[in-house]
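Okay, so chain A shows up in both of these, paired with chain B first and chain C after.
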Partner chain A sequence: MTSRRLAPYLFIAPFFALFLVFSLFPLVFSIYLSLQQWNPAEGLHTMHWVGLENYGYALTDPWFWDALYNTAWFALVAGVPQHLVALPLAFFIHRRFKRGRDLVVGAYFVPYITSSVAIALIFTTLYSKDYGLINAALAELTRIPFIGSPLASLTALKDGGGIDWLGDADVTRPAVAFVVFWRYLGWNLVLYLSGLQVIDKDLYEAATLDGATEWQQFWHVTLPLLKPMMFFAVTLTIIGNLQLFEEPFILVDGEKGVSSSVMTTAIFMYRTAFSDGDFGTASAMSWLMFVLIAALTWVNARLFGRDPRSRHGSR
Partner chain B sequence: MARAERHWPAWLIVVGGAVLLVAPLYFTFVFATHGRSEIFDNPPPLWFGDAAPSNLRLLEERLPFWRNLGMSLYVASMTTVLNLLLCSLAGYAFAIYEFRFKRTLFAIVLGSMMLPAFMHMIPSFMVMDALGWIDEPRALYVPAAASALGIFLMRQYIGSAIPPDLIDAARIDGCGELRIFWSIVLPLLTPALGTLGLITFIASWNNFVAPLVVMRSAENYTLPLALRSMQAPNNTEWGALMIGSAIAMLPLLVAYFFSARRLVAGLTSGAVRG
Partner chain C sequence: MPDLHLTRRSAARALLVAGAAAALPAAIPAAVAAAQVAPTRAPTSVLRVATFPDLDRAAIAAAPRWRALHPEVELKLLSMQYADHHLSMTTALATGSGLPDVMAIDLRYIGKFAGSGGFVDLNQAPFNASAHADDYVRYAMAQGVGPNGAQVAIPADIGPGTLIYRKDLLDKAGISEAEITRDWSSYLAAGERIRKTTGAYLMADAADLRDIALRQGLQDGEGLYFDAEGRVLVESARFRHAFELGRAARRAGLDARAIAWTNDWAAGFKQGRIATQMMGAWLVGQLRNWIAPQTAGLWRSAPLPGGVQAAYGGSFYAIPKKAANKTAAWDFIRLMTADAEVQLESLKVLDSFPAMRAVLRDPVMDEPIAFLGGQRARQLWRETAAHIPAIPVNRFDVLATTVIRDEFERVIARGKAITEALADARHLIERRARRR
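This part shows the complex of A and B:
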């Protein structure tokens, strides 16, 4: 029989044991790694202290800055629209959908639960230059009068030549960003819907009595009350997008470096460690990214006027 | 109905958007039933074909596919069972007991959720290497055996669903602490266990980075890794790859279909009251 005083410690012990071995120790170890250098072919015994050299090396590597730029670009272009679309969409579904609502929300959420690898693979075929469905659909659209010809000149679809979505550096980044947007839109929609559900209906009634239009209600009632949820959702997007790996990795074969325009810092880190065997520099990069994520989360907390520590506050 | 009419463009956008979001998944299943040449017809096929059996044969030629499927199933099941047990235990401790350092320890649990996953990539690889776990399935399920999110969700649920009087009554009857958890509390947690189980299974099933880093031999690949390994610069067998993707997605879609409402509620319950 377990004593009542000892029991709680016993019950939480497995988590903390796993946390120590597989999370905390690796993290501390990675600080140590980031200050070391060794020859991967010769083994760990060639390890020697280099101080901050790895950090300096990463920070002066133009590839690192390119990767950082790509990552920031993805965070903005794949991230901001997720919220600009999900928020009004959630508001509209919340106010107008009664029947069929679960079905619609379910459809928006499905991409989030499906395998990112399977998704990247299907998009690879849809994006195919000569035979992909997306170019076929665009070509079809150019035949429509009025919108057709401007579209054709805009997208260089004339003469049946399709857009090389995953090969042309100019369009590859937006193409990959779209897949990320597509995948996480439903997640944000669900977050905002659950935020909307806890807003008191009386507030809308009072606003309606005061003659507020629906737009005014959205702006003056919904948005301010949704601020905590916006903070939560935007934080998740920042953390998620700055770690972007799978979508560009599979869509544009990030391993072989076919397209440096979509190489994110996470992919660059992976390559530095596992292709070049430079674990020290890769660890230094991970800590540089950590500082960046922490800083952005802090800025986000300031913007939304809320202390991040209070998010999980006592309840 | 004047109100609804005024909003029909918005309705159209919402429903059209939903269709667009589901379309790529639909095409995964359509392409799974077509050969490579048909997939890249112009225009591509919009309806199901009859090449599924030959695609499957190709897939079996190129990959130890059923073994990869079994590996995914094994790793995801182990991760899920361990999580249900360990997270409900820890969540129960945090919800019911009073003990020293409780707040600090719970803060550590929550804080660990905030750590970016890629920070672990390199050092965990070296830990696995040191343990001799490279290319072993346990390198995937042991580190994932208890999640902070799981503990958080279980604590929330136990706090609202298990009356403390029930536990006191059991104690008066002379029931041991572990016995109380196992015979009285655990059966009452079924709804929350279902949600957590689904979340954990999906996350493990879809995980790509962890197996990419630790798995070495093609027989030990999980499905996402195996499918990616079929991608070749010029002669990818897209039909086979699509049927593989369809099979990889199917269990999740079926599970989702039956539990969408509860899953969505479970995923966001941590956030709602924030």
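This part shows the complex of A and C:
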């Protein structure tokens, strides 16, 4: 009888053991670490209590604010277009594609499931100043009348050669933002498509009978009913963009001075911990970001009319 | 040892890095690619050496010799990519677990590790490294000294700085070697002629010029970014001059804006778009082996412009305090750093320049180098190595390098005033260094 009682606990124990070691412990340890000053190379015994000083230090560090600005910039420039394009695109695919829809959706989704390292390698080559396909294409376009002249003047501004996509502070951030947009567009497309599929077709038929145009159906039927999915998708985008790390980190070599123009808070945390050896401040920053993400998620919930305190998720 | 291109960690999630770091050391042995060298008879102990590419090739080449000398100690090499190795060693030091018996350290990290207090002072008995100090190039031995004067690391190879240049491009532009080495203004003026005549850039990146110029005039005991009392030196005339030179090069369009170890950088060498490169002597081996082998015979080596004597890279070995097999660890370090045969083998397999002084007198140093058109360049590099000042390292050197790099970018790309940039740099470095 005792062994029968214990059995369920034994079966579920591996999960709890793994959860404790790899999830809960790092979480609690990072809170503890955020209240300490510690250079890891000197060993655990060199930790000393500083209270909230790391938080104050992070909040008064100019690079932290630069990184936060870059992060917000990416969230807006790479994040907002993801939804502005994915939503109508999903509607269009949903309404117009009967056959081959999965193929089209799959094509958009491929970047999302592709290794970020592979993507970075491809885009590093495409963006190459001297040998990249993008600059080569721009050079060809300069030969075309009317659009050639403005393009030529643009490339002339960039040292007479090609545009230094990953080495010029003016264009590096947009170049990285484009990769982020391209990568996550498919993800949002799939989210919106799944949301569209559960909307009752009768509503569209009724709207059609009432003489509503496709635009009116999108505006008055689709958008209101997609609100829960939009809330979900935008929340994921907010969280994802505030944690943005891989694309700017891999695309722009940290050895370049220009890398500071794409230094997100996640990259800054990484640098602070592993390059500067200041794990305490890095942990404090991660908790500051946690608070920021939580606050923005709350704002997002309010904007979409979903009070997180409501049991039913809507008012 | 070359300052290898950093391997990027592709999926680090910074929110958990601090906590996760504590769990890393336990995973290290399983994660690394282990190269095990089987002894001839059953060993009674194991020597664990943590290293990184390409330095691991030197250890693999020396393994048979180790096996012959110490059949009772199994040599186990744990090699990880450059950045991963130093990161995992940091976390191993943090927790005191998963530490190897011998740790390879690149020059870039030596300041950070030397100040950690986690390594054996090799000047103490039974190692008595000070008694062997004359075995090594003086400046390199000084780089392995921690802030408390402890000798924490022994140099395995060094990188005397040199100016590698394309002789064919200079000939086409009618420029002599003397013109590009005399002083900075002569170097830049030659660059303008090269650009006009051949279309090639004088250098890969203006930052290269900044980095070498800010080492100009350093004397023994003077720090690069910090003085002996830890004061930040970045507002000195040395830094102003270096920034001005870098800015002048950029404004004149003399640099290809290609950061070292990028595709554009390598392609620039392959296609003859870059006429000169200031770097460690080991670059010749890199050019010959993979960057631009088809340009063999076109390159030459010269002293750095303006009489600068500087070091570019270098590799070290150290023994963690918690190493289990310290005696064998010291024997291994001596084998890798003070055995003429092993040092010459490293030169052969890696093109790494020996840190051992006796090897610098070997006839191989007088041999012509085919890649450099038969130039006996090792003689020049040996001469340079003898004159490089012994500059102490600081645990915040990497941090200061990052700050300077960032401010320099603001100067050349965004027009920030140099005085303001250096004042900001000093403030940022002091702010970070003061807390720890």
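As a convention for this text, the second predicted complex is superposed on the first by the 275 of 315 C-alpha atoms of A that agree within 3 Å, B and C clash if a C-alpha of one lies under 4 Å from a C-alpha of the other, contacts with A are read in each partner's own complex, and residues count from 1 in each chain.
The rule is short, and it goes like this: a contact is a pair of C-beta atoms (placed from the backbone, for glycine too) under 8 Å apart; a residue touches a chain by one contact, two chains touch by 3 or more.
This one's a predicted model, so the numbers in the text were calculated from it and none came from an experiment.
Shared-chain residue A:286: touches chain B and chain C both. By the touch criterion stated above, A:228 is placed in contact with chain B alone, chain C being left untouched. In the overlay built on the shared chain, the residue A:26 is in contact with chain B and with chain C. One of chain B and chain C touches more residues of chain A, and that partner is B. When the two complexes are overlaid on their common chain A, residue A:99 makes contact with neither chain B nor chain C. By the document's definition of touching, of the two partners only chain B reaches A:198; chain C does not. Contact with chain C, but none with chain B, is seen for A:168 once the two complexes are overlaid on the shared chain. After overlaying the two complexes on the shared chain, residue contacts for A:62 are found with chain C alone; chain B is out of touch.
Using the contact criterion defined above for the overlaid structures, shared-chain residue A:39 touches chain C, although it does not reach chain B.
Taken together, the two structures place residues 21-22, 25-27, 29-30, 33, 115-117, 124-125, 128, 130-131, 243, 245-246, 250, 253, 266, 269-270, 273-274, 279, 282-283, 286, 289-290 of chain A in contact with chain B in one case and with chain C in the other.
Of all the residues in chain A, the ones that touch chain B in their complex are 1-5, 7-12, 14-16, 18-19, 21-23, 25-27, 29-30, 33, 89, 92-93, 96-97, 102, 104-111, 113-119, 121-126, 128, 130-133, 136, 140, 182, 185-186, 190-191, 194-195, 197-198, 228-229, 232, 239, 242-243, 245-246, 250, 253, 266, 269-270, 273-274, 279, 282-283, 286-287, 289-290, 293, 311-312, 315.
Considering their complex, residues 21-22, 25-30, 33-34, 37, 39-44, 57, 61-63, 115-117, 120, 124-125, 128-131, 159, 164, 167-169, 243, 245-246, 249-250, 253-258, 260, 265-267, 269-271, 273-280, 282-283, 286, 289-290 of chain A touch chain C. Across the complex, chain B meets chain A through its residues 4, 7, 10-11, 14-15, 17-19, 21-22, 24-25, 27-28, 31, 39-44, 86-87, 89-90, 92-94, 97, 99, 102, 105, 108-110, 112, 114-127, 142-143, 145-146, 148, 151-152, 171, 176-179, 181, 202, 205-206, 208-209, 213, 223-225, 227-228, 231, 233, 238, 241-242, 245-246, 248-249, 252-253, 256, 260-261, 263-265, 267-268, 271-274.
Across the interface of their complex, chain A is touched by residues 6, 8, 10-23, 87, 90-91, 93-96, 112-113, 115-118, 207, 253, 256-264, 267-268, 273, 395, 398-399, 402, 405-406, 408-410, 412-414, 428, 431-432, 435-436 of chain C.
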